[in-house]
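Two complexes come next, and they have one chain in common, chain A, joined by chain B in the first and chain C in the second.
The block that comes next holds the complex of A and B.
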């Protein structure tokens, strides 16, 4: 369970730009331009689909 | 707003990052300082009008004063005080004047009060620099470098809180790997925006109900659900903000400190704070906790529990000028003290799966229960807990 979580964390952190190097299990496919193309498309799709609510970031007021 | 506007990316981030990377080492700090000033003027004006924009003058004045700071000099103390005075006037004047007159008419009330853009975070960095110069923990750098540090717009408004000695070498280094920086930085920005729009903003539909009128009408299940929704929303919102700030900085080739490290999965409240708003926790540790712990009046020194609670009270007050923020700080201070006492009694924590899992869940529940104090004024919080516990 813990190992699964650690692997998920490593993949998520690489995919979200927190770390520079992919985890051992994703070395090859996570470096390919195809992977980045699909991932960026998903992120942009999410942004476009949910944008327009124009709420303020909470910590701006602090 | 700001990070979720096209203006931020098209007018400020992309032009300045490209210009910065293509310029000589001598020009780079000035590019940050000029774009940072324009960024401040634009967004401060759009939020608080001319008076808001004019506050840039205060920050420039503080930056010029910083050139006088030398180890053990009185100018450093002036620097520490002026940052706190400006923060005190803009953020806490009406709050403390209100407390002073309590239920009577408040003749000292500042009717047109406004909060200058990023003043809380400016103050952290001004204070850090003055303190560290006083104790000779950082070199002065040039005026341009200091202005670049203060006016670095990706982190200007809400952090992550930087340290001068950490920022300076990155500012001086030649930005090298365009591809890697822009791929990683771009991904970080997109992830932040997706988190903000698809998670934080969507949850607003639930968390907006955390007000007295809706709480009176809601059942217990709804109250619990709204609080859990708020715990996810605030994490998604602020970590998204940090993602965009860190990603934006990366476009310049500058790495700024991380702010979150999976805080909700932590085993105890101390570890939670080590992973939640990390740059603030480190700041509070270095500039509040340690100095208070080192206080000596004759043979008297503050007890560690007093130091912990004081630090968290200041953290609460910093989050906002309201009694509920102070109560939230007190709540977390008491949780940290309770954890310290608990560990003192039981010794090292168990490594068995069930206690580990239980402690993770308990920590999350304690943090989530405290969000009521964070997000509602004291009257509404009392109503909330009364409805939740008694019905």
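The block that comes next holds the complex of A and C.
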């Protein structure tokens, strides 16, 4: 379990730019440019979904 | 390294384009588009077309109005073109849509308080929810009347081209519903109606009667009683041969007692009436037509029973004006 959390932490630290070193083992896919493309797209879509709302946003009839 | 970055950027672009397409497709059944389809699908003649914001959307019951006309020997088609959370620009665009494709005999414009006057300048960030229709239904009207600054004008043109930006509030609505559901975990459920949380609509009323009276006086001093957008709406309807009725929508008894007894409001109303009549429309004060609290779903919007009651009275008023010709066979 502890190892799972350590790997999980390592993946997110690499993906979020905390470290330049990819996770030690079994994560070679994270070096792929396709992975980076997908990750950036996910971040862009999360920003669109969660940013920009104001407190006046009260009508939900759509 | 350079090649890898280009591949990553291309992959991102493909995914964002796919999301853009998906959001565009998902928005094809949004509330404004449903309303546009409803207006387009009406027969060649619309006898009574209700236009306005959520007060009209909730308050006008076409079936009750049609039944009242039917009892008087008149077979009519009534359409509710009211759309929640909109201002007069969206309402002008919807009116023009109806006038382009149909003959509208009676156009009924519903409003409350100071909604006939000019609102504040638009910001692109405010075009969310039903107001997003301004991006795709006659955007030139928004550019003409929105009083955008340069930055907002640029944003508006950019957002128009991209479904992910244009329909962003469809995504936000889902996020907001999820947030509200999480907020209610372990808490009493908040009361909602067709437009959202019931309590939120208290925020749309003036904070107190002094503020309301001050707004009335400011508008009278500035002479801003009928906004240029509504003037165009009435002119276009009149040019198409429609009769125009401007009706003060029924308001909650508390709202009526709190604000409509003020001297400033009475004076403002009489000046508004004159401005409306100068524009060639008939002014009806229906604010007190539904005095029962039980006929309202919140402080502003009529419940179904109230809508039926208001619509019957409105139809009787239109009949009393006697403008209807010989009964038409359908």
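Rule of thumb we're sticking to: the second predicted complex is superposed on the first by the 50 of 62 C-alpha atoms of A that agree within 3 Å, B and C clash if a C-alpha of one lies under 4 Å from a C-alpha of the other, contacts with A are read in each partner's own complex, and residues count from 1 in each chain.
Quick note on the criterion: contacts are C-beta pairs under 8 Å (C-beta built on N, C-alpha and C of every residue); 3 or more make two chains touch, one makes a residue touch a chain.
Just so you know, these numbers come straight off a predicted model, no measurement behind them.
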For this session: Scan A:16 for contacts with chain B and chain C and give back first, second, both or neither.
Result: first
For this session: May I ask you to decide whether A:34 touches chain B, chain C, both, or neither, giving the answer as first, second, both or neither?
Result: second
Exercise. Thinking of the overlay built on chain A, is A:49 touched by chain B (first), by chain C (second), by both, or by neither?
Worked result: both
Exercise. Which chain A residues come up in both lists, the one for chain B and the one for chain C?
Worked result: 36, 40, 44, 49-50, 53-54, 57-62
Exercise. Across the complex, what residues on chain A touch chain B?
Worked result: 5, 9, 15-18, 20, 36, 39-40, 43-44, 46-47, 49-51, 53-62
For this session: Please name which positions on chain C make contact with chain A in the complex.
Result: 3-5, 7-12, 14-16, 19, 30-32, 54, 84-85, 125, 128-130, 164-165, 168-173, 175-177, 194-197, 200-201, 203
Seminar exercise, completed: Per the touch rule, the chain A residues reaching chain C in their complex are 33-34, 36-38, 40-42, 44-45, 48-50, 52-54, 57-62
Exercise. For the complex, which residues does chain B have touching chain A?
Worked result: 1-4, 115, 120, 157-159, 180, 183-191, 193-194, 196-198, 200-202, 204, 234, 237-238, 240-241, 243, 247, 250, 258, 262, 265, 318-320
